[in-house]
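As structure tokens, here come the structures.
Next, two complexes with chain A in common: one pairs it with chain B, the other with chain C.
Up next, the complex of A and B:
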């Protein structure tokens, strides 16, 4: 099935959440960055990060265990690439 | 044992007339008003109600780091910015904040009126899961206090004197008492509050709001005036650095004035009617606490908001205690009513009057009728202001009076 959202677009959307919600600079957002140690997000921020993903992608992540295991930005990009592939209706809703 | 004394070594404000104590005082001296028609509220009220809003631009807000600012509603943001100004003026060594000897006492009517409204709307629209993890912290009743404490790393006593319009003065009085008891050497104290359509409509429901649409909204707030029709909502913060006197003297701090005495009481019988007898008792008790005779008072900074009943009761109380000798004015003609911030915020102007030996008049006061028998200057008067009595009178029947004295 054709991927309705490529990795580049996913990265763009994910990064926009970090820029808007956490006042980070786009230039800081490289895949290897650890969300806590490098980007300095704390426990309150991590909850808001998930809320941001939910709002941007229109999906409920409260019961998603994989999101709790992400450590780096690359982990986040990989997870959402997988979610979009498995649930193409996400992209339909985003349009 | 002699009581420890409390000196004010820093003042900061966020107000509709400027976000610094100096900007506020210069605007008041120039007779300017912060009140305008709130066209952005037109849909809510069906007409242009007047209010006196604060402006904080995003660059200014970023003087507070994101990790503190994220848990701040507007009231706490105002308090944080005002606290930064006050602390900068005080010249305190930042290391003192983590000594356990510095406290933080800030009150407001509610933690954040705007954040509360946002939460209610999200709940009603089924979007509560969209709210930030930080949202509850913005609307908690002690939001201003804990956010300012965290801003400076304060780890001494933290209190929140949430008593509507008496919040700020009760914070300052409690700061004085903490210092007198030896439980703190420095306290950041004051009040903060927000003006929203819901806040204004709360007063409108009680017929306490000056709600007429006027081509001259700046004339709607008229404390003590015969033609007054109610209060005009305002917002902001006033934060003072209250410091044990010897502590301030030892480090060579510039002492702005002394908080010489304080009292607070309540009417015990009605939530919204001012009680002339208890207001007078409160002022008397504050003066007795200061060891200062009524004859020594140079100026009364009244609470007077422009409501018929409230101004009348306060005028009667002042008349019974001080007669018509002492000049009395309310700054709410210029500012509107900054609610929980009012007692502390207006003290920034009181300090200006003490410093420059002048008394500012009540803006928009033209005709005195039921508030007669006290001295109500119509223009700025020049004379020494050494001892000032500041009143706050709040819903719930709460009264608070603070005695401020210029130090030699």
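Up next, the complex of A and C:
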């Protein structure tokens, strides 16, 4: 269990994807931010976001319904916290 | 007053439209017999001529257009990003003097004569097509040396501020590895308004900005980064242009 990523680490990794792929400033990335309304990502950008998650976490999110329902960054952090809990191998792949 | 103002400009536009397309009826009939890609290019040239006639002649009694070119003369086929305050933008972009296929929603292509011509000229249906179809049609337009003009706000803003950009056309620029140009149009937010009423007549400014080269397009990690960069540059330019317009001609 101690090998699992904690929430702070997940937030750091998720935020780094937004910084790298969308050149957003770290200070903009607060949990309550709505991905579409506040960060101005449209449907095409969401595809880029999911590709970024897939590459970083080494998982396939194509059939994941929950990723389609995320609205805020908080939702994204929650989802990946759950995914890491359910699939500990994700952390191994990231190492 | 708004009604009279609108009636006058629409009447004059209609008069010149009838005159122009009647005069060119025979060449148009000949062009329609040509292969599709050639036909579309030649019709785009005729639409450019029509746009210039409307902006420089038909609308001259109502307002003037001050066009400034800051692009340094670079004209490789690419995508021209245009801010979108009013329906007149579709005509105003002709001051560039380049034959272009504009991205449009489906409905303008159902307008009599001008809409049909746009359809036949290969204008791009941004809402009716999927991404691959849009990209392939854009590639065909560029292959004959024409530009693609796009309004990534998606709809008229009717205000000095721009609506957020959609990423689709920027993804096309990245996928086709082509330069992007920026055309800023200021002053026409109520010419006409969303109900097609000319609430005012005032002189306009149009600035054609420096090119975003294909190398710079490539360097953007995603379409989002490219659209953000272009949005910021255009926002700065438009603020400056609006300030100049207000100083020269207070409302």
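In this section, the second predicted complex is superposed on the first by the 92 of 95 C-alpha atoms of A that agree within 3 Å, B and C clash if a C-alpha of one lies under 4 Å from a C-alpha of the other, contacts with A are read in each partner's own complex, and residues count from 1 in each chain.
Going forward, contacts are C-beta pairs under 8 Å (C-beta built on N, C-alpha and C of every residue); 3 or more make two chains touch, one makes a residue touch a chain.
Every value quoted in this text rests on a predicted model; they were computed, and no experiment measured them.
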item	value
Partner chain(s) touched by A:59 [first = chain B, second = chain C, both, neither]	neither
Contacts of A:91 with chain B and chain C, given as first, second, both or neither	neither
Which of chain B and chain C A:29 touches, first, second, both or neither	neither
Partner chain(s) touched by A:44 [first = chain B, second = chain C, both, neither]	both
Contacts of A:20 with chain B and chain C, given as first, second, both or neither	second
Overlapping contact positions on chain A, where the chain C interface meets the chain B interface	22-23, 42, 44-45, 48
In the complex, chain C residues that touch chain A	131, 164-168, 171, 221-225, 228
Chain A-touching residues of chain B, taken from the complex the two chains share	66-67, 70-71, 129-134
Chain A residues within the chain C interface of the complex	20-23, 40-42, 44-45, 48
Contacting residues of chain A [partner chain B, same complex]	22-23, 42, 44-45, 47-48, 51, 54-55, 60, 62
